[in-house]
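Input: a single structure, listed below in structure tokens.
Chain naming follows the written order as A, B, C and D, and within any one chain the residues start at number 1.
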Amino acid sequence: MSTSSFLSQLLRRVIPPIDSDRSAERKARSAVELCHALLSARGEVSGAALARETLGAYEALPQNGFKPFVDLLCTDFSPEPARITTAFDAYREDPSPAHLIALQNAVEPPRQELFRRINMAPGGTAALVDLRRRLVEEIDAHAHWISVDADLRHLFESWFNRGFLRLERIDWHTPAIVLEKLIAYEAVHEITGWNDLHRRLAGDRRCFGFFHPALPDEPLIFIEVALTDHISESIQPLLDPDAPEFDPAHANHAIFYSITNCQNGLRGISFGNLLIKQVAHELSLEFPRIQNFATLSPIPGFIEWLKSMEGEIAAAPATEETMSLLRHIHNPAWAADHDLRARLQPLLLSLCAYYLTDAKEGGDPVDPVARFHLGNGARIAQLNYMADTSRRGLLRSAGLMVNYQYRLADVESNHQAYALEHRVIASHTVRKLARESPLSHTTNNVERD
Amino acid sequence: MSTSSFLSQLLRRVIPPIDSDRSAERKARSAVELCHALLSARGEVSGAALARETLGAYEALPQNGFKPFVDLLCTDFSPEPARITTAFDAYREDPSPAHLIALQNAVEPPRQELFRRINMAPGGTAALVDLRRRLVEEIDAHAHWISVDADLRHLFESWFNRGFLRLERIDWHTPAIVLEKLIAYEAVHEITGWNDLHRRLAGDRRCFGFFHPALPDEPLIFIEVALTDHISESIQPLLDPDAPEFDPAHANHAIFYSITNCQNGLRGISFGNLLIKQVAHELSLEFPRIQNFATLSPIPGFIEWLKSMEGEIAAAPATEETMSLLRHIHNPAWAADHDLRARLQPLLLSLCAYYLTDAKEGGDPVDPVARFHLGNGARIAQLNYMADTSRRGLLRSAGLMVNYQYRLADVESNHQAYALEHRVIASHTVRKLARESPLSHTTNNVERD
Amino acid sequence: MSTSSFLSQLLRRVIPPIDSDRSAERKARSAVELCHALLSARGEVSGAALARETLGAYEALPQNGFKPFVDLLCTDFSPEPARITTAFDAYREDPSPAHLIALQNAVEPPRQELFRRINMAPGGTAALVDLRRRLVEEIDAHAHWISVDADLRHLFESWFNRGFLRLERIDWHTPAIVLEKLIAYEAVHEITGWNDLHRRLAGDRRCFGFFHPALPDEPLIFIEVALTDHISESIQPLLDPDAPEFDPAHANHAIFYSITNCQNGLRGISFGNLLIKQVAHELSLEFPRIQNFATLSPIPGFIEWLKSMEGEIAAAPATEETMSLLRHIHNPAWAADHDLRARLQPLLLSLCAYYLTDAKEGGDPVDPVARFHLGNGARIAQLNYMADTSRRGLLRSAGLMVNYQYRLADVESNHQAYALEHRVIASHTVRKLARESPLSHTTNNVERD
Amino acid sequence: MSTSSFLSQLLRRVIPPIDSDRSAERKARSAVELCHALLSARGEVSGAALARETLGAYEALPQNGFKPFVDLLCTDFSPEPARITTAFDAYREDPSPAHLIALQNAVEPPRQELFRRINMAPGGTAALVDLRRRLVEEIDAHAHWISVDADLRHLFESWFNRGFLRLERIDWHTPAIVLEKLIAYEAVHEITGWNDLHRRLAGDRRCFGFFHPALPDEPLIFIEVALTDHISESIQPLLDPDAPEFDPAHANHAIFYSITNCQNGLRGISFGNLLIKQVAHELSLEFPRIQNFATLSPIPGFIEWLKSMEGEIAAAPATEETMSLLRHIHNPAWAADHDLRARLQPLLLSLCAYYLTDAKEGGDPVDPVARFHLGNGARIAQLNYMADTSRRGLLRSAGLMVNYQYRLADVESNHQAYALEHRVIASHTVRKLARESPLSHTTNNVERD
């Protein structure tokens, strides 16, 4: 398979060798000593050279050197409690700007300056993003690492500010070193190889990503768009490598069918909402005829939620037939049975509409994708039956998908309604479907638009 | 003059109109209201658009709107003392990572997030750097502005990290929009116009600058280098637009004759030491024969110091002749008198050598340029008489200049000696000169190298 | 003056040293020997290296080595008459494709292959263009050089095909090495320095040039455009470095006020007509509101023609007053006399209208600028009085200028009418003016549009 | 397979639809009418637009419209015999430069100007190169097309002059649109997909190509190089996608293992010799330790020649055993038989050495690859047994491969010896092998170096 060498490289990077624990700890300690030097006066003059050396020592750590290394980052580079207390006492006495600044300095961990200095080495930014990736992967087992995580996150929020990112079109003219990342990272609808990728970058598609100048070969996030003359109701035609090309000059719809955050090391630093709007803007410049911007999105939590609601559905004024019908969906084979498909359609559509618009958790929709797009100011436009008949699609959402629509003129007011009043904006059709669900006796606060 | 339109643009930018104080304050208040909106939930979804609007309101402020605007930044976006106290109390009770992070969050002014969001607007970075430029210009009259200054400086130290800067060669292929900045910014030896500039970018010269991706047309700092076959002992030949070109293939010396920090808004964020070393590295790749890297530097504090020492010189075992000779130097005309020049030479050289190596303030040399280069690990190599015979050169340093030498192999140990033990590294010749000065009875701690 | 160093460079290039004639001839002969080697088998394998050496020898020739060098190019690298005759005889016998190809090969001078091989050296293209520049400058004294000229021209027509040229916008982001060429080359309205240039590249102007990939720092031709809200009737405001900037968002006119062919070595290879149309196209993309594309052009031959027509004007039914009025225009001072200006206005306008529309030479207008624009499909739209009050403008055209208008829809039919039927397309107003001239008794074939 | 979509695109381009012959001819005639218009006066003013239209008509031709189109190019755009005769008569009368130029103009087919004008359309250059590709494919069946072929070749020799080509490194940072061409074009050792390609572009390899500015996505020729610490004796390790990477810092050999001309439309316009030398130069700059530049080349004509020589070998003083041994090689299975391999080794090596050094055709070696490299000034350094054990390698050359060595200091003299005296330069070892062959009674003129 054509991506194997990249993946094997990836694996090699991810899985460094393993030493004896003692040797690993000793190496971690040596790397940390370089960190101390880098923070000292010597680091000021020999900054770049010493940063390079420190980075080299870190990257040469055996796999089991990572834990002792991060542990030492926790213990050795945290702020001194005594200094904090002194600074706070002075501030409480006299809350002047100078005392506040002194307090801020006292609470800032030396780690932050350490990371800023490591960043001077070539490849420093990439290494720090990778450090956080590994850290968050294992943080559950090492609760005290949150202080290191907080420092990195604080830096990254500063460094990866939208003002420093470049929106770039990705197509067949893009270097292979970037394209192979798409294949490796695509999280929503797997890219099976270069042929598949080539189709997704053809003339009736657009792909855009955000890039940071210090990581020129690494998309931070990318989005895949299909240019069509109708709202896409099913994902299969969009993923078919042999689908005929549509002439984009006739396009009036742009369908966002996949959006992937690439860097786990940047978790929590969101670019997605900015990307969608900027891409919509770019597309409307290139294709003035395109007026409809919508996603074709998965509904990842539907089936799980449905299971959790079995009791309430049973308690609802639903016939026994409803219950027995619903039992079929746990076996994906139902989708091949035409009769079952027809009988389940109204039931699944109404329950899913209810799920998206009324199933809440702390005021917000249960479904994570719904939260993302509604929070961005989109509206729920249309539910699609048999839209993703892959095994995964059937298991997660009974094959249903949804179009979230971005009407540029309404985005801000939709967002306000959602953010301040938890209002979910949905089309008339979707609201009507929700009302027909067996659970619709509950009050809903969906807004008709 | 060819730069007038640029300068008039500059003036236009620097001097916005003036409103009535009331109107100016009202406009400042409106701009700050947009800042509040930008920090609110609305700012999250409409980030870039709102940032653009906020920036526009700030940039449209009349000249006298700046003060009320910054005052409001101080009052409205500082952290809440009560929240700080609560967070500190929790931390004192239990100094856990989580409590420390909460305390860090409590002391961080919302201004920092405000500035990060403004940075999302096109031109945001440039506007924030310019904001700090104006702020530091007037900070002496507004002591409480130090909190805003501290926030901007904290952000800039993160954003303008060496890891994000690009070293770029500047030559006649560089866009005019960058070149005109050299003319405007050059602080050491004024560039009188495009013709002068062209000579400084000719084949026997090199010019390099650091650039940040968000400010592509703005050098942050630049350095001018002459490639020669000897150590330069006088600045005039280097500044002469009609000087014949030297064939760089025969060069074995690189003379750094001017280094200029361009952005007052980045004051305190130093790039200079990194630049010199990296440029030396680049030059040694392009010209393997070049082994000598030295500056030809001004001695800006010499005459002033000399005046302040008059009493001590008189007290020293100096003849009356010495004192009467020295009196001549306050009138630049002395430099045209061959006899005077000859008689003053040994005296001025020895006093200047003493000044550079022994005149200290808090352990470090009085002379700011000496502090900079010695702090970088350079050594004082040679003093040059009649090296800068411009009026300014005569008034500041009696026409003397100095070569600081960068021996790449010694830079780190020199720096260590200087940073840890305040040792000033100087050549044998310079040390000998210093010992011959009328003031040399004092102990000195100059290290022979 | 800021361009002096460039000009002195230019002079240095143009005026190489002078040797004794004997030495110069010997050096020319050596250079030609390298040319022979380059054409031999050895040239095939060592192509690039030998081409470099040959070029070096040519460029090192003393000034008086040029003539013997070109003379040897004529004698040594022309086709052999005997071979031509043989090839022709075979072709006459049997005009087959093979015999025709053989004849073509026989008549092609080996010089062409020589020039193609020289072109392999770095800088080869530039050197060959410069060779032709010098050659055409002196060709009148060396009629036999037309064979070398024909070969170079044949090659350049192939190499500088429009398909290989890039249209590039020139502005303040353009490298200084290109901008200084604008100052040096501008032929229509001198650019007095960098400040003047900066104004011509400001926000309400556009400048475009054609570039060839092998001459990246050399515009082949460039055009200067002003974006306005009216048709420009006078050149002075466009050339004033201190003129206020117009907001291009409100522009509905694009005025082409200067077009300059830069390379005398490419004489006869026209790009101008292509450039105007492509620039009009680019501007209509950037500024959809711009509907009017017109020049503000000089009328270089008007006064000269007027002098030549004095007899006919006297013979025409013109009053004596006419004749005495006209006598004033040979002294530019008339333009300062308000009364004279008013009295001359109708007379000059009508005569100039007649000149542009009716004064022909071999069927085409006498005025070279008129021939260029009419041949491109433009129409004569408007005559402007007191439009160029510079001394040169008054002496060449009594201060008159003309707007040629490019209506994109009519360009092709206008051109056809002009090319096939010699019809001059002019506006109603201009035709009316022409009819009022003292000479208008002659028939005219101006077409009203 | 990952390249299928590219190949299907290719096929789509190569196989346009088929019309009825009458319709195809009518369309060809229409396209040719546009060609006439393009050459007329109208073409001068509307050049680019009309060129675009003409190109569009040509590209829309059905598959069977190609022949009538080219036939019309032959008949309609050839020079007029009468005009040639008149021009020749004038020239014979007076062979002046002017008459020669007139004769040159008379014999130049209007087709050349037609092609130059078509080249003004976007994509024109690519279309003309493709036109010649199709033309040479079918020229054997249409002998009169040689006149069109000669015109295109004449233009291409001018346009694709080395001085206009850019040498570019090709690696994993190269756009996919270029990389897929490598997969499609590689002629020597097939690239099986993106994974294979990735290995060939890894850190211990280099790949370079020549590009023309008008065909930025199309390599004209490319060469693949392996950096090693020994001379490669076998191709398999170089083609193995899973071969471990060698650290190029330790390389002292550069092995050119594949060189591919990509454009059949540029047949006869050679870049290969220039490419090898320039790549050797680039590599010696990047890796000063690399002193050995050699190919690992196929010997495509060996077995075929061997068959043709059977009679002579039998006649030579060879034992019957020789003959019976040789019979085995026509079945590739022999290579798996250890005993056979050992017994055939001396025989095959000596015969192949003889083949490369002594088997001549018109004075030059029979083997086309040998002709290419010897003509470039390389020497035959070493023969390798079992060097290409692929089926194709066994069938063409009994698994043998050869290293041609490029000693930069000797390249020119080697070439001279070869070009002028047909001398084949080979190492002592190879000459010795040749002398041991059963055929070595013939005189040989191999030069020892």
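Annotations
The rule we apply is simple: a residue touches a chain if its C-beta (ideal position, glycine included) is under 8 Å from a C-beta of that chain, and two chains touch if they have at least 3 such contacts.
Note that the structure is a prediction, hence the values are computed from the model and not measured.
Among the remaining chains, none touches chain C as well as chain D.
Farthest chain from chain D (centres taken as the mean of C-alpha atoms): B.
Per-chain CA centroids place chain A at a distance of 49 Å from chain D. One simple way to say how far apart two chains are is to compare their mean CA positions; for chain A and chain B this gives 42 Å.
Distance between chain B and chain D, defined via averaged C-alpha coordinates, is recorded as 59 Å.
Multi-chain contact residues, meaning those touching two or more other chains, do not occur anywhere in chain C. Taken together, the touching pairs link the chains into one ring where each has two partners.
Interface residues of chain A, counted against chain D in their complex, comprise 1-6, 172-177, 179, 193-195, 198-199, 217, 241.
Interface residues of chain B, counted against chain A in their complex, comprise 41-42, 44-48, 74, 78-79, 81, 84-85, 88, 91-92, 95, 97-98, 100-101, 103-104, 107-108, 116, 119-121, 124-125, 143-144, 146-147, 150, 154-155, 157-159, 161-164, 213-214, 273-274, 277-278, 375-377, 411-412, 415-416, 419-420.
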